[in-house]
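Next come two complexes, and both contain chain A; in the first it sits with chain B, in the second with chain C.
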Partner chain A sequence: MAEKWKDEEWAKDFWYSGKVTRRRLVGWGAGAIGAAMLVPAPWRAAFGAAKAFKIGSEQPLSGAAALGGKTAIVGLQMAVDRINKNGGINGRPVELVISDDESKPDVARRKTLKMVEEDQIDVHVGGFLSNICLACMPVWEEAKIVNMISVCLDTTLTTTKCNRYSFRVHDYAPAQAVAFGPVLNKMGKKWHIAFADYSWGQSTRDAYADEIRKGGGEVVGTTGIPLGTADMTPFLSKIQGDFDGLFGIFFGKDGITIGNQAFDLGLTKKYKWAGDGAIAEPINLPALGNKIEGFVGINRYIPVFEGPFDTTHHRKFFDDAKARLAKIDPTGPLPDRYVQSNFEAMNALKVGMEKSKFEGRKDTMKLIESLEGLEMKLSDDFFTGDKVLRKEDHQAFPLEVIFEIKGGKHRITETIPGAKTIFPPACKFSAA
Partner chain B sequence: MDAVAQFFQTFPYDQLLIQTVNGIVTGMILALVASGLTLIFGIMDVVNFAHGELFMLGAYVGVIVMVGTGSFWLALFIATLTVALIGAALQVVTLRPLIGRDPLNTILVTFGISLILQNYALWQFGPTSRKINEPITSHFILFYLEYPWYRILIAALSAVIIGGFWLFLKYSKFGVWIRATTQDRVMAQAMGIPVPLVYTGVFAIGAGMAAASGVLFAPLVGVNHTMGLDWVLKAFIVVVVGGMGNLGGSIAAAIFVSLLESYASIWVNPSQAVIVSFVVLILTLLFRPTGLFVPTPK
Partner chain C sequence: MTRHQKIYWAGFCVVMALLIIAPLVLPEFWRRFLTEILIWGLLAMSSDILIGYTGMVSFGHSAFFGLGMYGAAAALLIVSPPNLWLAIIFGLAGAGTVALFVAYFSTRLRDIYFAITTLIFSQIFYVIIFTWTAMTGGENGLTFRRPALSFFGLFSTPFDTATLHWFVLAVVAASYLILRRIMQSPFGMVLQSIRENEPRTRAIGYPVERYKIVAVMLSGLFAGLAGVLYAIQNRFAAPDFVYFLVSGETVIFNVMGGIGTLLGPIVGAGFFLLLRELLGRLFGEQFPYLIPLGFIFIAMIIFLPQGLLGFARRWLNR
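Entry: the complex of A and B
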């Protein structure tokens, strides 16, 4: 009785013709299971619980900027681990898709396209070298993917070359110059600016020159030095004349080179010596030794527990970052602004994604709206303090710290709240 | 005539002297880097893309020795020796099996070695740059600058190392073997010279010279995993201008190119002065492809 259906006409062709054997049945079954594993089941997308958010991150892990890129990744990974430990974003875990841009804009652009098309990332957080951020900004705009800049400082990223999809939760040169200008004018009236001759260095030079002039000072000369120049002596030995201070705009190994060679030629003894805090980042200090003593710099973050950084929020960040940095560097460096800004950029993105109930790229506009005007309050997420992501240009204005290197360590001499560094917006978004 | 007189009156003689010193110092460092490179090419026909990484490796070994002993001179000696041994091992393991194969293979292998060494250094030593303290910190007044004696010492030491190597080539048995192999490797082998051993020795010497220059230059820039890249491109230019495989030519070209750049930087931005070396390179390739300092083939 049970096998009666096999006698039916329609079943004969199926069962008795030898088309279905045990071997074929097992084969089809395995195929079906395989296909089910490869193709996401519709309910998975519907419930969204198992699918991780793919966060793309472009970082220089090799090439000229690799030293900074390695610490930048630490900050990003710290934030992602913390987010996942606390249940993810909107109940979904976060998966980092890291791409090495090799410190080259052409490679970065190619890998950006790969992240967009092949990796299918939902949002992007990263970017270290400003020329790379500039090269990739149009890609994010075209792909309609939110791009949270985590290190790049070039002014034009949020002014003349801004776009609706890119945000910067850390500072930029015009705000730094507003904060540092009065200090520089107290140190001296006449300045010579030496700068890394590429997008960030050039825009930062202009910002400081404007601010020094506004304060009644004068920039008597500027010296652009190409990125990665090993021997800066031909450049530095041309710097002479009647001025009070030498202002340096360099980062990474160029910061070490200028610190060493300007000292060797007597420039930092003859003139006051100030500049961007990137020259004296913690990973640079061992190679600078006592040649960086007395350097006065500005930064959004330095690893000290003084003034506004004497908080439990900072302590939590510092301890975790230090432990992780020790794993990638036997000298156990202290966290720097690259760790800090990647950590806070990822957290800002998290807050925005939660606020907008972001589910994927289709919600990009909702995410943008939630990030515009985002208020970041002093917390474990934003341990450097309160700041607002300005709607008009997607630029934030964090606290600025003026410091001096004494005894091989950073010492805060002044802090300037972000609200006092506000610079008028100069961005016009094209119609989305 | 007035224009000529005015030119000489306004001529920046201080800059001329400063840039001459700069040019000679840079030229001597470059000569030391380039002589290892040209030696390896001259004997083995290997374009060593890992030369910059051997420079970097030398500096890192120097750092380790400095931390352990505090002696710069010991660091210089041990780093040179260690990297020479590493160079010999690299040659035996990776380049010797490729003898007689298409030169493209050796280019790819040395390029691969350079990537491995660079990433190994980053992984092993981390992103923090290291310091080698210079053995002398005094300076002399050169017009408006305090010029460090250490830079002069680098030039002098480079000259001593190159001079020592020249004497080694001229008077030692192994030096004779090297010269014989350069002239005609088949005949050298036929005469009983152990050519594979000469190859290994030459690669080791080239690596050691790169390491020595890495230690000498480290106090000026700090030690990091990409420090070799900055020098190796210029060293390649010098090797081509001086004549591939021509040791004397490379040394002369290193000083010539560095002085040209330094003098150009009196009038133009030093970043534009760098163009001079590329112009010299292009002109050399166009009009004297065998090198500026090689006799014209008849």
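Entry: the complex of A and C
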């Protein structure tokens, strides 16, 4: 064999005869480009198949909800890494396009449009603050992009403000209230509700107030506290009178603030103390210390290996999530519902995309049809258990867990299957 | 027409031509971005009436901008189908009323006291909008439909990004020409006289307070118009726009672009927004872009105290 390729027999024909002139090279180059442009559509489609799916995700990485937004990303990245490790979706890898909405609706709108127009995302999974989800819903609808909501709990997202393009694979306030209502009525008949004064807090307040009343109880007063209020004392000091329990609807930093300040004002000793599980998320527990002892809450996920969560699927999720969370927070927090719901939302999207043989935005309607009524079975993808994405309003009903904080840890006191938390659909999709 | 005027109008026509062509050649995102620059530029230009021509630094422009936005939102939500001109009327009425209220109380004060009073007023309106959830949507804000571009029943066509850009450009250009004319009129000269020497202007016999009230109202109306345009573009109103930080940004646009030039604040807005966007793209989403922006702002104050347009003017006149 010749040492240099130029010495090979096949190369002599054009090398030694001096055929590689600059003019020829330019000519061949132009010919190659022309041929590439004229390549038939099926070939282009085949080449396109190797391209990664662009999955957009709006998350609050700064501002009032940054604490939760950063853990939400962990869940999403976990799911994407698993998907890519297993060969991607329909043979194509997945690429995350993460956008920091700064916890502000106006910024979120701007960045959503950027994801749609500039980044050319195929689908969206994300949304943390409900007011941001509400502000961006029309953008997804107009751009005809599937929006898999991964944290927002506001009731109206899948009721009065629902649209054909948005889905929610986790719970919402009316279902939580159905699950928690009987427990609250056992704890006491008269309640005062303190809530984060924005869409989620307001709709959750209404759902619990209705359920407490249905069970023969009474809501004697409500106190709305603006999101991100550092000193809640002026609001909390007005909460007094003859009632049995104080119900809190807060999350993130606000959960820590209310937990500490309600304790300091003696409210949690004087009254029974219950609320949304977001107040006592694992990431909040160190800052709350023993002031959160005895708190009774509801959540779709808590990091314990008891009852329905004592499964190998959960252990796999837990170990991976814990290791990843330790990288972003040296205190090593345990996974929370934000990690869980982002992980499961991405997996639901994957199942839908595979079922519909999704290739891009043009297949959005096929994807919607495959997601409507999607059955999610207990597995590594959906470790919290079975649930169905209801066709009428794109809402799922997962298992609910009632817990108590004892010794600084979550202890399950009751589990309510998703089927027992069903709330009638109240959504009318506008004609597409 | 002097040589300077000829150069000025030729330059103006070239820039206008470029802005008219822009939506035809720019991709969707940058088209929208350019429209947004024009809207923020209009807001900055409105505050230049006070900062640059009357010598009153206002931190209340977020209130005028926000009220214009919420006024337009009210019209777009109440009337079906949404009407463009009604949105403009409602927005201007909202901003004008607030401007009159703020002007009546704040123009009795000068310098830092005026600035602080306008800041407090803007925060009062912020708290009202933030807490009056039933009416304003509170923290959630309001979402609404975009009106069609219509001319009093003659024709009606839905806005797309290109037509919206041209509409905004027409409004901003008309606003600039009107404000330029006003600032060159005897009224504008009195405002500049107030800026240079208020006691002397009063001593000559001009009712300074009345002039200041009119200046604040004029400024508020154009800020409100910017709010209306923003509402129409984004189909969204949120209390964040009424927060004093927006007023702070408006002052920054003025300083960056050139105070007392009307066009400078538009240039400043464009420079600031473009820089923010580019820093975000270069260093990623979580990059704290405000830190380098702050350094650039400080450097500009030290080395370009007359702003970008002032510097360009000096350079051209050399």
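By definition in this document, the second predicted complex is superposed on the first by the 384 of 432 C-alpha atoms of A that agree within 3 Å, B and C clash if a C-alpha of one lies under 4 Å from a C-alpha of the other, contacts with A are read in each partner's own complex, and residues count from 1 in each chain.
One rule holds for everything that comes next: contacts are C-beta pairs under 8 Å (C-beta built on N, C-alpha and C of every residue); 3 or more make two chains touch, one makes a residue touch a chain.
Every value quoted in this text rests on a predicted model; they were computed, and no experiment measured them.
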| item | value |
| --- | --- |
| Chain C versus chain B on the shared chain A, clash or fit after superposition | clash |
| Partner chain in contact with A:A135 - chain B first, chain C second, else both or neither | second |
| First (chain B), second (chain C), both or neither touched by A:S62 | both |
| Which of chain B and chain C A:G373 touches, first, second, both or neither | neither |
| Touched partner set for A:P105, first chain B, second chain C, both or neither | second |
| Partner chain(s) touched by A:L113 [first = chain B, second = chain C, both, neither] | second |
| First (chain B), second (chain C), both or neither touched by A:D197 | both |
| Superposed model, chain A: greater residue contact from chain B or chain C | B |
| Touched partner set for A:L227, first chain B, second chain C, both or neither | second |
| Set intersection of chain A contacts, chain C complex versus chain B complex | 62, 197, 224, 226 |
| Touch list for chain A against partner chain B, complex | 62-64, 66-68, 70-71, 197, 224-226, 228-231, 233-235, 237-238, 240, 253, 256-257, 260-261, 264-266, 269-270, 282-284, 286-289, 328-331, 333 |
| Parts of chain B lying in touch with chain A, wherever the complex brings them together | 15, 18-19, 22, 25-26, 118-119, 122, 125-131, 133, 139, 144-148, 150-151, 217, 219-227, 229-231, 261-262, 265, 269-271, 273-274 |
| Parts of chain C lying in touch with chain A, wherever the complex brings them together | 27-29, 32, 130-131, 133, 138-141, 143, 234-236, 238, 240-241, 285-286 |
| Footprint of chain C on chain A - complex, ascending | 61-62, 98-100, 104-106, 109-110, 113-114, 117-118, 130-131, 134-135, 138, 197-199, 202, 224, 226-227 |
